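Both complexes shown next keep subunit A, but they swap its partner, so subunit B is in the first and subunit C is in the second.
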Partner chain A sequence: MTFTFHLPRSAGEAAELLADAPEGTTLVGGGTLVVPELASGLRRPEHVVDLSRAGLATISLLSEDTLHVGACTTYQQVLDCESLRARLPLLQHVAAQITGGVQIRNQGTIGGAAVAARPHSDIPAVLVALRATLHARSAARGTRQVPAAVFFRGAYEHALDPDELLEAITFPLPVPPEWSYVKLKFGEGSWPIATVVCTGRVGADRMLTDAALVVGAAAAVPLVVLTPAAAAVSPLGPELAEDLARQAERALTEPWSDVLATGEYRRAVVGGLVRRALRPLLAAGDRP
Partner chain B sequence: MSRATLALTLDGTPRSAEVEARSTLAEALRRDFGVTGLRVGCANGDCGSCTARVDGACVKTCLMLALRADGADVATLQGLADGEDLHPVQQAFLERRSFQCGFCLPGMVLASIDLLARCPRPTEEQARAALAGSLCRCTGYHDIVRGVLRAAELLSRRDEE
Partner chain C sequence: MPVAATAARRLVVAGGSTTAAAARAPSDLALITGTARFVDDLQPTDLATMAVARSTVAHARLKEVDLSAAQCLPGVLLVLTGQDTYAALRPIPPFIDPGLLGGARADVHALPRRTVRYVGQPIAVVVAEDPHTAAHAASLITAEYELLPAVMDGRAALDPAASVLYADQGWTDNVIYRTRTDTGGVEEAFAAADHCLTRTFAIPRATTAPLEPRGYLASWDAVAGRLTLHASCQNPHQLRWMIATTLGLAESAVRVVVPHVGGAFGLKMHGHPEEPLVCLCSRLLGRPVKWIESRRECFLIGGREQVHDVEVAFDGDGVLRALRDRIVVPVGAVSSTPGWAMGKLSANTLPSGYRLRTMDVQLEVVTTTTPPWNASRGYGKEAAILVMERLLDLVARRVGIDPIEARRRNVLRSDELPHRTPSGFIIDSGDYPRLLDQLEARRRPPATGTAAQSDEVLRATGIAFEVTPEAGGIRGTFVGDYETATVRMDATARVQVLSGLTNPGGGNPLGLARIVAAELGLAPEDVLVVQGDTDLCPYGFGNFSGRGTIIGGSAAALAARGVAAQLREAAAAVLRCAADTVVLHERQATHPEAGAIALADLCLRLYTRTVEAADGTTVEPPLEATSTYRPGQTRPLDDDGHGHSYPAFSSAAYLVEVAVDRITGTVTVERVAAVHDCGTVIDEALVDGQVHGAVTMGLGAALSEQVRFDAAGVLLSDSFKSYVVLRAPDLPSFEVAHQCTPSPNTLLGAKGAGEAGVGGAIAALVNAVDAALAQIGATVTRLPVTPPNVLASLVDAGRA
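Moving on, here comes the complex of A and B:
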């Protein structure tokens, strides 16, 4: 088995290469997930298009209310980016916790994680919680925007057409000031069993507004428990936490089962993880 | 093209070789460039034994297609010592018995060097976290962590001189 290797110097060139043979071409971003599949023969494309030199790894502020992260931006680039410290600390926090050591932080990409759409992973739920937009590009149709909320179609299934590549992810700013992230795994080298992403604003009246609560890694796609569109729910307190924990359990009707944990286990732990994730926000509500 | 020329700088020396397009960098370095200072342990990115520094960044070379590294500056475990003079991390690992079979050393040593460049006085917790990309079947990690902390001592002593 062999393939033709391409190393395009721009996103446009990459899109043209993909357009030539959409079904027989594999795109490589960071390579951490795709290269083992190529090496083992799980994927047998005719063409491999490596995106590492296509200029897709920049982080920039498009405006005061939009942050642009190129699809091939690595976790380490996210960690090293000064402007993310104040504007998107949640993304830096998640990047710091990615499994696999310094090497995976240097190689793995945010866009690659999104396109892989692995159920048992960190990034999809974070993109949904942060209301990210994924920018798809094809040679034939140009670019289009896909909200994170509809990008993840199923396990390992994304919303890109076969002739599209993911060019960038944008985040609306400012993000709510309070946030927390909980990740359950039992081995250092393990994929997550479940995650909870929580963002929100806590008013002087202890009301939680502009809140997102998303469970990740526990189902085929991220599970949205709260969206910012929902009005202020109720004053922040133990009752709200309990309510949201039970809502998450009920919403997890088809929990993901794999070698790390059964679906029943994931459903059993999700309530506790939601309570854990809400603690920093409850504490914010208690601040004078 | 199913074969192509890969030109890179390997441990300071410009080298080139014909590689197969489907080779990972780990495979090409071993088979076509004669490098033994990294191994293919899992071919899946878990064990870290394939670690090299490519353009200054520690990476798992089994996760990179070889041709992507065209023109790159590659540093391996083999390039660390200066003749008989060991790198302080290598010296510390010897002193603290931080290895048995040595298979995991590419990841352990290079990740330690990376840590100590950013964090010259790591806590045990930080040393342990820095090794998260590597699996060791022999040692139970305890003496590797001690080796990292000893390396920090040796490096700070060297900097004081």
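Moving on, here comes the complex of A and C:
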């Protein structure tokens, strides 16, 4: 197998390379997914564009209300970033649980996970729950912004055009103070079978505001159970938890099936996982 | 420690249980530091690479193989189909011929001419200048198939209406091997017993998944007319024979060399089609040709799967009276590997170390249109342990006694050993009641309170008792029951041991070094162990069946004793004392009165012929001895005259604590303890490493490892993401204790280690999960106990 290898020094240069041959080009972020596919011959591109020198591996605070994470930021960078500790602990919590140990955390990237759009993965639901914005770039049209909620279009399908690359992900700040992440997987080597991301603010009156509850890895795309607009309709308590669990079960009409777990299994556990994810928020409501 | 537990299996860091052990062996340091050289690290000049094109259908007439696209690819050197190889390669001789044991035989060709019998069967090979071109070319090869009925299931294969898969070879059904052990009196015993239980136990197909897949590098030397095969294999001398036979060469024209091996577990016993194919390609091209198995290909070869329909009769005190078991073992397509005989061992290992004398066990090993088996660590014995230990738990529950007590009432006492089992095994020695006592001392009372049991979590402890036949041999086959070693001491008092054993990564060279050093008064680091080269090493059988220390270690000990006798004689001549009073210790030959001489000085004098006794006699160089060892009790025991015979039986008891998540069905292993008796322990770290590895493999087989095919026979579990093996964070630290009842049948009293633990861990884990589920009226219905399978049990119980 032969391909032309490119090592662009900027996102602009990468976009130019992509514009030349959008269909015959494979972009490599950290390479944890793509390189094994290249090695085993599952992918036979004409061009491979390695983004590792394109300056996309940065985390920066653009302002007090926007956090910028370059597309090639690794899980380990997320873990090591001091400013995330206070501002986006959920993302660090997720990064710490990535299967494969330090080798994968040092190599795998947040942006790579997003554009892989694998149903059974951690990142998509997290981006949706955190209301992230994905920044696409093409040589022809410059940059455009895609909300996470519409970025994931199906299993392995995303909203980028063939000539676009993902340049960055931005997160609105501050994120709600209460959050939880429940992840079910079948052993350390397994991909996620189902995840639940929950964020929100619990008021003195136990009213839940600014809340989001998203189920990941259970369907082709993240399943939004609760949005900020729909929250704050009832006080946070066991009844709401029960209601959300049932909503999640009902909403999971087309659960994802794979070799590790059938859709039937995923449907059977999703309600229980939602209840677990809501526990820390319920506890927050109980705090004086 | 969990890291070591995983390492012992997957990274095969020899003696990986402790850093101290690792530091003691230079070869282990190479593994840890990444400097060990495996087959794929060998890059001779002019190297070409072979890739395999594989069948995409489970059973078909092979009409036309289209090579045109592959042949046109630049860099492709050679493409071969079954039509090309039929004349050049004889059928691959079986490792264990089922025909010899009364079973059915089929010719296995490296590439088929007419019929394909599983998805993934090689139909053509390509050799190219580089691995990518070879793989690409192989992917371009297509074939026209005329589909035949597929038989994916063992019981379906036994259906009289099933397609006879080897009818073209004269078979009239799909049974490779059939046997029955009926002691008589079973009917009467069932009628007389207080209770009876009926159960079906189905064990799923698993695979060995070593960290290093198979790999071979064949180099044909046209000038010398010789083939050198570097192979990641377990049995180099037998591979040499197989290659010579298949290619029509003299054995002396073939040299097999085994570099570092990254785990074998049975997969690397020979009989695979790629072995002769890579050799043939090298011979045809006159260039070195390498084939490295891909991870995907490595998952094709299976093992373990079987179904037991069991009935057990027992009395109100929990004492077993009789057993019926009908076993069906589907071993996939017929192959020349020794995998099929695992089924025989499952039957023969029953009823484990229990007193039960009345049983009727029927076994049918059947062929199907799934990929073939090879041996898998445990070699079928694990299935017998699972069956017996599940039964003992069920019996204990039925009569209301403690599971340990149920074992105690049924195990053989030491004064009943040696004991001949109904299948003809003779269990040599052991102290099973004491093992159970030690296990009981480690068992904690059941946890109570909401943290222990709740709406969401069920906790329980499971136990298992295990007896493992070790170091087996089958006469008339290359499952050898003897081993040879040469010990050479040089002029600097350093020693070389040439051994017929091989090291799959577990570290047996350190054990050999220890044994030889002890005989010669040296330190293990003075001893270099050379293995895995058929031009250098004496004829031997490599590694399988926990035989390394028992047989190979004993051969090395005997050879070392020969050299020690020379040293004593030489020292006696120098010190002017009697040879039998000389002690070899701390690199010296010492006599209490006559004094001492450093062995290095003694060796130099001996080689320079300056050793002379008072009467003028000398001790002749070289300091070298070769010995062969065969343990006692290896006569054929079965009716067929070729039965497996085992000199020693290790024993162990296991305890596993689990937490079952009632919401998701997830099983968490919270504690693992083992009391292990492999007789004399030569190196505790090596034994612990074997126990850790075997237990991890057993827990994986019970918890998550499952080979899956789709309805058309296409492998679904073809990566470590879809075939889930346990990793370090999945496991707690292991508590391993040792008991020692030396074997009377082996030179050193050792009984072998490495296979024990697979069956015990499977059984203890499943018993623990079943005990947890029983608290709410549920039971384990399917293995492995994956979250979906456990949840299904919970849901069923909820409905009931």
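Throughout what follows, the second predicted complex is superposed on the first by the 287 of 288 C-alpha atoms of A that agree within 3 Å, B and C clash if a C-alpha of one lies under 4 Å from a C-alpha of the other, contacts with A are read in each partner's own complex, and residues count from 1 in each chain.
Basically, a residue touches a chain if its C-beta (ideal position, glycine included) is under 8 Å from a C-beta of that chain, and two chains touch if they have at least 3 such contacts.
Model, not experiment: these values are computed from the prediction.
When the shared chain is aligned, subunit C comes close enough to touch A:F186, but subunit B does not. In the overlay built on the shared chain, the residue A:T4 is in contact with subunit B alone; subunit C does not reach it.
In the superposition on chain A, A:S40 makes contact with both subunit B and subunit C. Contacts of A:E64 after superposition: neither subunit B nor subunit C is touched. Using the contact criterion defined above for the overlaid structures, shared-chain residue A:G31 touches subunit B, although it does not reach subunit C. Of the two partner chains placed around the shared chain by superposition, subunit B is the only one that A:V102 touches, whereas subunit C remains out of contact.
Judged by the touch definition given at the top, the superposed model places A:Q76 against subunit B, while subunit C stays out of reach. Residues 1, 40, 188-189 of subunit A touch subunit B in one complex and subunit C in the other.
Taken in their complex, subunit B has these residues touching subunit A: 1-2, 4, 20-22, 24, 43-46, 48, 51, 57-60, 62-65, 67-68, 70, 107, 111, 114-115, 130-135.
Considering their complex, residues 1-5, 7, 28, 30-32, 35-36, 38-40, 48, 50, 52, 76, 99-104, 106-107, 188-189 of subunit A touch subunit B. Those residues of subunit A lying in contact with subunit C across their complex are 1, 40-41, 44, 184, 186-191, 193, 258-262, 265, 268-269, 272-273, 276. By the touch criterion given at the top, residues 132-133, 135-136, 139, 294, 296, 663-666, 703-704, 708, 716-717, 720-722, 724-730, 786-788, 791, 795 of subunit C touch subunit A in their complex.
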